[in-house]
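In the two complexes below, subunit A is the common chain; its partner is subunit B in one and subunit C in the other.
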Partner chain A sequence: METSLQIPLLTLLFTAAVSENVALYYFLGICPLISISADLRASFNMGLMVCVVMLITTAANWVVCNHLLKPLALEYLQLLFFVSIIAAVVQLLEQFLDRFFPSIYEVFGIFLPLITVNCAILGVAMFAVLREYSLVQSLVFAAGSGIGWWLVICIIASVRRRIDLTVVPVHLGKTGITMLIAAVIALAFSGITELMGGGL
Partner chain B sequence: MRYLRILWEGLIPNNPVFILALGLCSTLAVTLKVENAFFMAVMVGITTIFSSVIVAALRYYIPFRYRLLSYMLIIVTVVIAVEQILRALFPDVARALGPYVGLIVTNCVVMGRLEAYAASHRPGEAFVDALGVAMGYATVLLTIASIREFLGNGTLWGLQVAPDFYIPCRVFNSPPGAFIVFAALLFAVNWLRAFAGRDS
Partner chain C sequence: MQALLVVLLINAFIFILCALVALSGQFLRQSGEADLTVNKGVAHQVGRGQSLLPALAEAGVFLPAACGGKGTCGRCEVKVIAGGSAVTPMETILLSPQHLQALARLACQVKIRQNIEIEVAESLLAAKLLRARLESSQTVAEDIKTLQFSIQGNEELVFKPGQYLQIFYQMPWERVLRAYSISSPDSVKNGFSLDVQRVSGGVVSSYLHQLQPGVELEISGPFGEMFLSDENAHYPIILVAGGVGLAPLRSILEKLRELGFQKPVWLFHGARSRRNLYCEEYFRDLAKSNESFRYFPALSNPLLEEGWVGSRGMIHELLEQQQFADAAAVVAFVCGPTPMMQAVTKVLVAKGVASDRILTDPFDFS
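Entry: the complex of A and B
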């Protein structure tokens, strides 16, 4: 508790977005990263949607966990509540966009059901509770993680556009070459951490 | 005989990770040590088997429109039970796996089996199918974990197996190593499949 309170917010944001990136360091949300990244525009939109949903659900889950479950000693039901809240938030967001911003819904709507089963969303909410972050810290952590995921899926999609023009080993397939791209980008991201002094 | 074929289908021709590309997150995240991978595979297996049998037994009572929600609730219930048992019996392993135990909920291997098989078959068949898929998943997890632990530490399940002159290659302990090992294995599996296909 003491240590988590002392982390500067900027460090937290940078750590979550780059050096301990949610996709490349914790391996969360890999399935959509592999399948969606074939299309750059779709990747960009999906990443933006993940950012938005991640911020809302992490805040909602933090409030429920710290002000409902902990006082009632029901922490073992955490998982059930988190999954229900994420499903409910996504459903509400979908209806809200459909009702008030139909043009936005047309572009982003198809990604919302996919986000319900994105393990990055659930994982970030659970990390925030596990590390006993305060509400502000949780929000910064969620924003950093969301931006980090967005960044990674856009980079991978951009690289794949170039890869499409080249000849790759037949047996590697689309999944394999995307994994190798992710490996190289993960190396680059850990390189940035070293560049900043590695002490973050 | 028929049950044997169902079992074989899940193990090799329908292998959840390499052929169907499901459940990639945990495949990459928990394969640092063989011990962790083993416990993860067992827990995913138990979850798949129990939720498959429950869904198969209730298949006439689950309304089609709300089937995904019902599956989700069944999976969450099983995962909470498994997590509590793990915490009670093996607290060290539970701490090492951290939030990845809870993330079995969003592991698409489980949901995939429920939707594709258990929802339309008898409980006995669903049990065998889930067992086969669980064994296929465990095989992949243990293979990746063995390679990573051997190359990265020179150990297997914590025991020193590499000769003294072997210098551990630390990159396999880091996240990029996971992507590289996965891509290499995927290449090997696809190559073997193509090789076997040409023979017959």
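Entry: the complex of A and C
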């Protein structure tokens, strides 16, 4: 992966969302992807929430890392700081929605706290720092990753609706078939990349 | 020096984050009061922003909540007529679509944001918050103790045989609730007894097992739909218990004994080995002195040294071998682990007992 600072933002967005999709290429955030994709509506909400949280936490983590940890040469504490920031941001967001947007809060319900432990969020924040993106690039990368994850969970949920009506081999079970669906979608995503000319 | 600095920095950072969350919690918390109307009665003023379960407790209505309000036991079911928040995913797991359509909700999952109107089963309104003092504690079988409590402060516990109550236990970080069936007859109103099995890793059961007489506990109750009604007492009765599931059935049996065993009563008690079987002597004596009462213990894994000559196997297998005259009139009470209750229910139905006359009370270890 390039560490260059000169990647066009649109390319970065597309790469993060499709060709190097956080779920299908890096296998991050797989647990909610499999458990929540049983329901399309819930998947949509979860994906949206992941997008929002990813944007906020990546920005917050970028600032903390570049303006607090790096000057003090404490980059090795990244993980600890990032995890705490994500937990705090999710808590704050939960309180905020509960107070000002109760209807949205109720729609998300249990999914909001679940995001705290979504490794895709942590992964994206760490990638952004590791690849030495600027703040704007980090935000674009986070947005792309979030949208990509959202897209994938919605696609898997849509396919699973059809699967519910078919006979799945017993030993494959719900999880097994979902993994297979994810694999096929991953192939499709890499196919799109090739269509676009590849080598993005 | 550097290490110390790092530790300080981490602590300071986490402290700032926690302070931020706590502060915003204070700042963003919903304030004010809302009206809570129960069963079209008087409106109670309760704090906004909390869930319905503690709000109801504020209004003097104590719902059963074996999970302590986490939305996992499904016992705090109420009907929300108006003003409820949206249905949460936890509720869709525990309540069927038909239930939800009929406005059923779990009180612990409903958040109070506006004036709210609910309906609660009348029987639940009888539940009270009481203080009970442990009078005696007796080991009756391996890991099972019978605890005798007395009610404090001129209060009475009015319950029906077969019902259960909840015990509050204050842990350093949270208050937990556990449900225990009452094993004493309902004729005693100023006290009750509980049969408590110690569960490995069980916080409350371990606490109750080491409790010394004289200690006071907070309880609420009575709760439960499995009980001996006045009408049922006039039918032949089959009692089937698995392990410590005997507790509510002991209460029912005592009531039937007081009534003089007007109709035949069969008690089936399944346990792992003889050391898990309790009240055996008492039931054997009772069966000797009363013709209409019959006692059938069965052990699934009797130990060699116990010299058990009685029935072996699972309790539903023993039940299967028995013949019941007039099975259609029988009322059955079944209490034990869920798989045992399912097996027993199946056998009872096959014997001709009407499924709506089979009353069950699952006990789940938690």
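Assume the second predicted complex is superposed on the first by the 196 of 200 C-alpha atoms of A that agree within 3 Å, B and C clash if a C-alpha of one lies under 4 Å from a C-alpha of the other, contacts with A are read in each partner's own complex, and residues count from 1 in each chain.
As a working rule, contacts are C-beta pairs under 8 Å (C-beta built on N, C-alpha and C of every residue); 3 or more make two chains touch, one makes a residue touch a chain.
Bear in mind the structure is a predicted one, so any value in this text is a computation, not a measurement.
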Inset, instruction - Scan A:Y26 for contacts with subunit B and subunit C and give back first, second, both or neither. - result: first
Legend entry - First (subunit B), second (subunit C), both or neither touched by A:L77: both
Inset, instruction - Using the touch definition from the top, say if A:L48 reaches subunit B (first), subunit C (second), both or neither. - result: neither
Inset, instruction - Kindly classify A:Q91 by the partners it touches after superposition: subunit B alone (first), subunit C alone (second), both, or neither? - result: second
Inset, instruction - State whether A:R99 touches subunit B only (first), subunit C only (second), both chains, or neither. - result: second
Inset, instruction - Would you check which partner chain A:V117 touches, where first means subunit B only, second means subunit C only, and both and neither mean what they say? - result: first
Legend entry - Superposition-derived comparison: subunit B or subunit C, residues of subunit A touched: B
Inset, instruction - Would you sort A:A59 into first (subunit B), second (subunit C), both or neither based on which partner it touches? - result: neither
Inset, instruction - Give one of first, second, both or neither to describe whether A:A186 is in contact with subunit B, with subunit C, with both, or with none. - result: first
Inset, instruction - Based on the superposed arrangement, let me know which partner A:M126 touches: subunit B (first), subunit C (second), both, or neither? - result: first
Inset, instruction - Would you mind listing the overlap between the subunit B footprint and the subunit C footprint on subunit A? - result: 77, 80, 87
Legend entry - Residues on subunit B engaged by subunit A in the complex (per definition of touch): 21-26, 28-29, 69, 72-73, 76-77, 79-80, 83-84, 98-99, 102-103, 105-108, 111, 174-180, 182-183, 186-187, 190-191, 194
Legend entry - For the subunit A and subunit B complex, residues of the former touching the latter: 24-31, 34-35, 76-80, 82-83, 87, 117-119, 122-123, 126-127, 130, 169-173, 175-177, 179-180, 182-184, 186-187, 190
Inset, instruction - Please give the residue numbers of subunit C that touch subunit A in the complex, ascending. - result: 6, 9-10, 13-14, 17-18, 20-21, 24-25, 28-30, 85-86, 88-90, 111, 113
Legend entry - Footprint of subunit C on subunit A - complex, ascending: 42, 72, 74, 77, 80-81, 84-85, 87-88, 91-92, 95-96, 98-100, 102-103, 106-107, 109-111
